[in-house]
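Letters A, B and C mark the chains as written, and numbering starts fresh at 1 in each.
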Amino acid sequence: MNQPASLWALSIQFAQMLLVLGLAPLLTGLVRKTKARIQRRQGPPLLQPYRDLRRLLNKESVLAENASWLFQVAPYLIFSFTWVAAALVPTFATGLMFGWTGDLLAISGLLGAARFFQTLAGMDIGTSFGGIGSSRESMFATLAEPATIMIVFCVALIAGSTQLSTIADYMASGAAGLRVSLALALIALAIVTLAENARIPVDNPATHLELTMVHEAMVLEYSGRHLAMIDLASHLKLLLYISLIGCLFFPFGIARMGGGPVAYLMGLGLYLAKLAAGAVLLGAFEMCIAKMRVFRVPNFVGAAFMLGLLGVLLLFVSRGM
Amino acid sequence: MGHCSPRAGPTDWPGAEDMGHQPEMIEPTAWCIAALLALSALSVCLPRRHGAIYAAATLVCLALLWCGATSLAAPVSGLKLPLGLPVTGVTLSLDPLAAAFLIPIGLGGAGACLYAIGYGQHEAEPARVVPFVPLFIAAMTLAVLAADAFVFLFAWELMSLASWALVLARHREDGNIHAAFVYLVMAVFSGLTLLLAFGLLAGTEGGFTFGAIRAARPTGGTAALVFVLATIGAGAKAGLVPLHVWLPLAHPAAPSHVSALMSGVMTKVAVYGFIRIVFDLAGPPVWWEAAIVLALGGATAALGALHALMERDLKRLLAYSTIENIGIVFIGLGLAMAFQSNGFTPGAVLALTAALFHALNHTVFKSLLFFGAGAVLHGAGTRDIGRLGGLIHRMPWTHAAMLTGCAAISALPPLNGFVSEWMTFQAILLRPDLPQWGLKIMIPVDGALLALTAALAAACFVRMHGIAFLGRPRSEPAATAHETDAWSTAAMALFAALCLVLGLVPGIAVDGLAPVVSSLLGERLPPQLGDKWLSLIPISASRSSYNGLLVFLFLASSTMIVVALAHRFGSSATRRAPAWDCGFPDPRPETQYTAESFSQPIRRVFGALVFRTRETVDMPAPGEMRAGGIVRYSRDLAWDGIYTPIATYVGIVSTRLNTIQFLTIRRYLTFVFLSLVALLLALALWQ
Amino acid sequence: MTGISFDISHMLAGFLVLLSFLMLYQVRLPPLLNVLAAHAFALSLSVAWQAHTQDAPHLYITAAIALLFKAILVPWVLRRMVVRMGIHREIENVVGIGLTMLAAMALVALSLEFMLPLTAKADPVVREDIALALSVVLIGLLLMVTRRNAVSQVVGFMSLENGINLAATGARGMPLVVEISVAFSVLIAFIVIGVFLFRIRERFDSVDVGTLHMFRGGRQ
C-alpha cells in the first residue's frame, strides 16, 4: 500500500469512527420521533438523546453500597466493545484502514463481549431486577447469537469471505443476484436486530414496568456518566445493526477504495438515507406490533435461527440458492 | 473418493537417521518421566515435604514443556529401552504430534503443581494425593511418547489408575466412591476397546510397533472396526456423548489441582489417542467416519454446554464445560477428516489446526478455572454456587483470574477461546463441493451447533461468575471468605496471562502447530508471524483475517479515551447510596436471583427436549407448617436411555449366570478346555 | 539341519505325544506317575537334542531342570504322597478310556490342522514340534478334565507344562528368563497344590475333589 492511499484509508477509518459515534444518538432520536408522529404526538426533538447524554454526563454517579469495581468499569468496556465493533462495519465506504482487524465473526464476538459485561454488571448489586434482566438477556442471547452466526454463514458462503469489505464489494457488484438464502438471512437479521436492540416486540425500550423489561432491568442501578456510556453504547448498537443490514443487503452506492471525492460524498449521502429509512421502518414496525410475552420470544428469535440455518443448508446443498 | 495426500514425518519412523545438528529431545523427555516417577516414590519416603515435591514436579513439567516446544519442528527421534516385554522392549518416539501434546501436559502439569505448592497444604490426607500426581503426569507423558501398542496401552491404563486413585483421595465425601466406581468401569471399558483396536491394527503378524502398524494399514471392514473401537475408547476417556457420564462425577471428586489435570490435560491425551489412531495409524479417514465424528462432536458440544448451564456445583459445571469443549475439538477433527477424505487438504489443515489450538486453549483456561474453583472451595468452604455470592470483594485476585477464564472460555475477543472457535468457523465456511450428502448436511448443522454452544457457554459462565462472585453473599462462609495463598494466585495469574497472550498473538500457536499438521496431512497453513501486524490470516487476506493484538489495542485505547473524556467533560463525582431496585431494596440476600432462577428461562426453552424437565409447585396442605416451593425434575437421557438398561441387563444376566459360581473345579476346567478347543476349531476352520 | 537330527527331534516330540496317550490309558495312580516320569524324561531328551542342534547351551540348563525336577523329584514326591494317603490302589475316571482316547485323537488332529497352516512359513522342525506340543498341552488338559482325583489332575497339569516347554524350546530365540520363570511358576504351583492336597486330605479324608463340592456355600 503506498503512502497517500494508506493515509486516505486511515482518514476514512477515523472519519467513520467519529461518524458512527456522532450519528448514533440522532438515529435513536429519529426512531422515537417516528413513533411519536405515528401516534399523532409531537414527541421529543430529534436532538433529545444528545441532551440526555450531556445531562447524564454532568450528573454525579450514584453507586450502590456494595457495587464492585466491575460495576464501575463495565460501562466503559461495554461502550468500547460496541464502538470497536461499529468501527469495523463499512458504512459509506469500503477499504477501511483497519477493516482486516476483524471480520463479521469478530464483530459478533465483540458484541457478545459487550453483552457479557452488561449481564455481569446487572448481577453485581445483587438485586432481583438485575438478576431478572441478566437472566432473560442471556436466554435471548443463546438464540440470537447463533442466529447471527448463521446469517454470517449465509452471506459469507455466498461472497466467499467473512471480511466485510470484501462482502460489501461483492454484493455491490451485483454478482450475488437474488437468492433465496439471502432473503432468509435478511429476515433473520431483521429479527436479530429487534432482539439485540431490545426493541418491541422483544423488549420495550421505553418502559420501566418491571415485568416487561429486560435491558432496562439490567441497567437499573446505573446513573450519571455510567448510564450515559451504556445509553450511548445501545445507540451505537442500533446504528451498527442498521449499517450492517445496509452494507450486506443494500450496498448500492457504497464508495469503493480509490473512488473520487464525489463517490465518497454520494456514498455518505446514500448512507444517511439508508439510516433514515431504517429508523423510520423500525419506528413504524414498532407501532404495528405489541410486545410479546417473555416466553414467546424464544420462538420468535428461534425462528431467526432456523431461517438462518435453512439458508446455510440450502447453500451447502446447492450453489445457486 | 479423493486421493489421500502422501504423509511425511511419522511414516519414516524410525529411519530418521539424519538428525544432524538438531538436538534429540526424546532422551531428556524420557529422563523427565523417570524424574516424575522418582518424585512419586520420594513423596512416599518424605511424607512431610509436599511443597518441595510439588516444586520439583513443577520444574520437571516445565522441562517437559520445553522438550515439547523445541521438538515441534524437529525430526522424529526414537528411543528403544530394554525394559518391559523381552521381545518388544519399550519403544518411544517423539514426533511433532507427540510434541504438540507434550505442551499441554507440561503446561497443565506445571500449572497444577505450582498451584498445589500452596493449595496442597490444605489437604487433609496428603499421602493419598501427593504420590499419585507425578505418577499421573508421568503416565500421560508416556502415553504420548509411546511408539508401540504395549507401551501405549500400559501408559493409558497407568494414567487411568493413577487418576482413579486421585478421584478416590477424598473417599469419605458423599458420592466419591460411586464416582470412582463409575470412572473405573468406564476406564476399563475404554482400555478394553483400545486394546481390541490395537489388536486389529497389529493384525495376525503381530507387529505392535507403530512403525509396523503404519507399514501395514488395515483396509475395509477392519479399518472401519478399528475406527469404531478407537472412537469409543478415546471418546470414553475424552468424554464424548454418550460416554461422558463418568466425567462430571469423577473430575470434581478429585482435589482441585487434580481436577485441573484431569480436565485440562488427560482429556487432551485422549484426543491425542484419537488423532494418533485415526489420522496416523489407521490411515486416511473415510467420509462416513467423518460424519460420525461430526455428529458426536456437535452433540457433545451442545449437550455439554446445556448441562453446564443447569449445574449448581461449581466443579461439576466446569466438568460439563470440559465435555462441551471436547465436543468443539472433535468438531474440528471431524471437519479435518471430512475434508481429508475428499482430498481437500487446505480445509483439513485449517480444521486440524483449529482443533489442536482449541485443545491447547482448553488446557489453559480450564486449568485456570479449576484453580479458581479450588480457591473458592478453600476460601468459602463450598462448591455450591447457590451458597456463594459477593466473592469479588473478599477474593479480588481469584475473581480477576476467574473473570479472565470465564471470558476466554466464552469465546470472547480478544482472548484465546475466540481465536480457535473463529478458526473452526472459518474451516466450516470453506465449503468445498463435497459429494456426500451426509457431510453436506452435517457440516452446516455442526456450524449451527457450534454457534449455539458458544452462546450457551457464554450464558453458563455469566451465570457461574455472576452468582458466585457478584451480588451479595448468600451464606455465612461466603460472607467471611478469604483470599487464597500466593502460590495459587501466582498459578492463576500466569494462566490468565496465557489466555491473553494466546489470544493476542495466536500466530505463535498456529505457527507452532504447523509442523504437526504438515506431518499428518502433508500441508500446512501459511506462516502467520511476521505478517502484517501479526494478523491471523488462515487462507487469504480477502477471505478472512483477525488481529487480536489490534482489537485489544483499539479496545484499550478507546476505553482510555472515553474514560478520560467522560471525566474531563462530565462530572467525576461519585456517591455511595443504598441500591435503588425500583424503590424497594430488600437487604436480605435471598431476594437475589439464584443459580436456578437464572437458568430457568433457558431450562424452559431447551430443557423440555433435552432434560425432560418438569416443574411442579410443592404446596403444603392447609395447616402444615412448611414452606412451599417449586420442585424441579430433570433427567440425563444418557443415563436413562443407555446406562440404566445396560445395568439392568447386566444384573439379569449375572443372576442367571450365578450358578456358574458353584461348580466343581473339574467343571471349570472343562469350560476352559472346551472353550480352548472351540477357539482352535474356529481358527482352523476360518483359515 | 540334516535329515537324521530332524528325524530325531521329530521322534522325541512324537514320543511325548505317545506318552500322553499312555497317561490317558492308565487308571491307577502309581503307573500314571511312572508315565509322568517317562514323559518328563522324554522332554528333557528332546530339549537336550534341541540344545545340541540349535547350538544353544542355555537349553542344556532347561533339560537339566526338566530331568531333575520333573522326571525325578516330582514323581517321587507324588508317589510318596499317594502311598501315604493310601490311594495307590484306587481306580477312578469319569469317562471311559476308549472315549477319552478317541477325544485325544481328535485333539491331535485338530492341533495339526490348526498349527500346520499357521506356521507354513516357519522352519519345518519348529512346525511339527509346535503342532505336537499343542497336542500334548490339549491332552494334558483333557486328563485334568476327565479325572476326579486331585493327584491325577496334578499329573495332567505337569504334562501340560511339559507340552509348553516343548513348544518353547522348539521355537528358537525363547529367552532363558521366560523358561526359568515358567519353571518356577510350575514349581510353586506344585508346592501349593501339594500342600493343599494334604490339607484336603486331613479335613475330608479323601482327595476326590467331588467331596469338596459338598462343602461349598450357597446353592448346589
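The rule we apply is simple: a residue touches a chain if its C-beta (ideal position, glycine included) is under 8 Å from a C-beta of that chain, and two chains touch if they have at least 3 such contacts.
Here the structure is a predicted model, which is why all the values come from computation and not from measurement.
Chain pair with the most C-beta contact pairs: A-B. The most central chain, judged by the distance from its Cα centroid to the centroid of all protein Cα atoms shown, is B. Of all chains, C has its CA centroid at the greatest distance from the CA centroid of chain B. Averaged C-alpha coordinates put the centre of chain A at 35 Å from the centre of chain B.
Put simply, the C-alpha centre of chain B and that of chain C have 53 angstrom between them.
One finds 86 Å separating the Cα centroids of chain A and chain C.
Interface of chain B with chain A (complex): residues 389-390, 392-393, 403, 407, 410-413, 418, 422, 425-426, 428-429, 431, 433, 440-441, 443-445, 447-448, 450-452, 454-456, 458-459, 462-463, 465-467, 470-472, 532, 535, 541-547, 550-551, 554-555, 558-559, 562-563, 566-567, 569-582, 585-586, 589, 591-593, 597-602, 604-605. Interface residues of chain B, counted against chain C in their complex, comprise 86, 658-659, 661-662, 664-666, 669-670, 672-673, 676-677, 680-681, 683-684, 687.
Residues 94, 107, 110-111, 113-114, 117-118, 138, 141-142, 144-145, 147-148, 153, 175, 177-178, 209-210, 212-213, 216, 218-220 of chain C are the ones touching chain B in the complex. Residues 56-70, 76-77, 79-81, 83-84, 87, 98, 100-103, 105-106, 109-110, 112-113, 115-116, 119-120, 122-132, 134-136, 138-139, 141-146, 148-150, 153, 156-157, 160-163, 166, 208, 210, 220-221, 224-225, 228-229, 294-295, 298, 302, 305, 308-309, 312-313, 315-317, 319 of chain A touch chain B in their complex.
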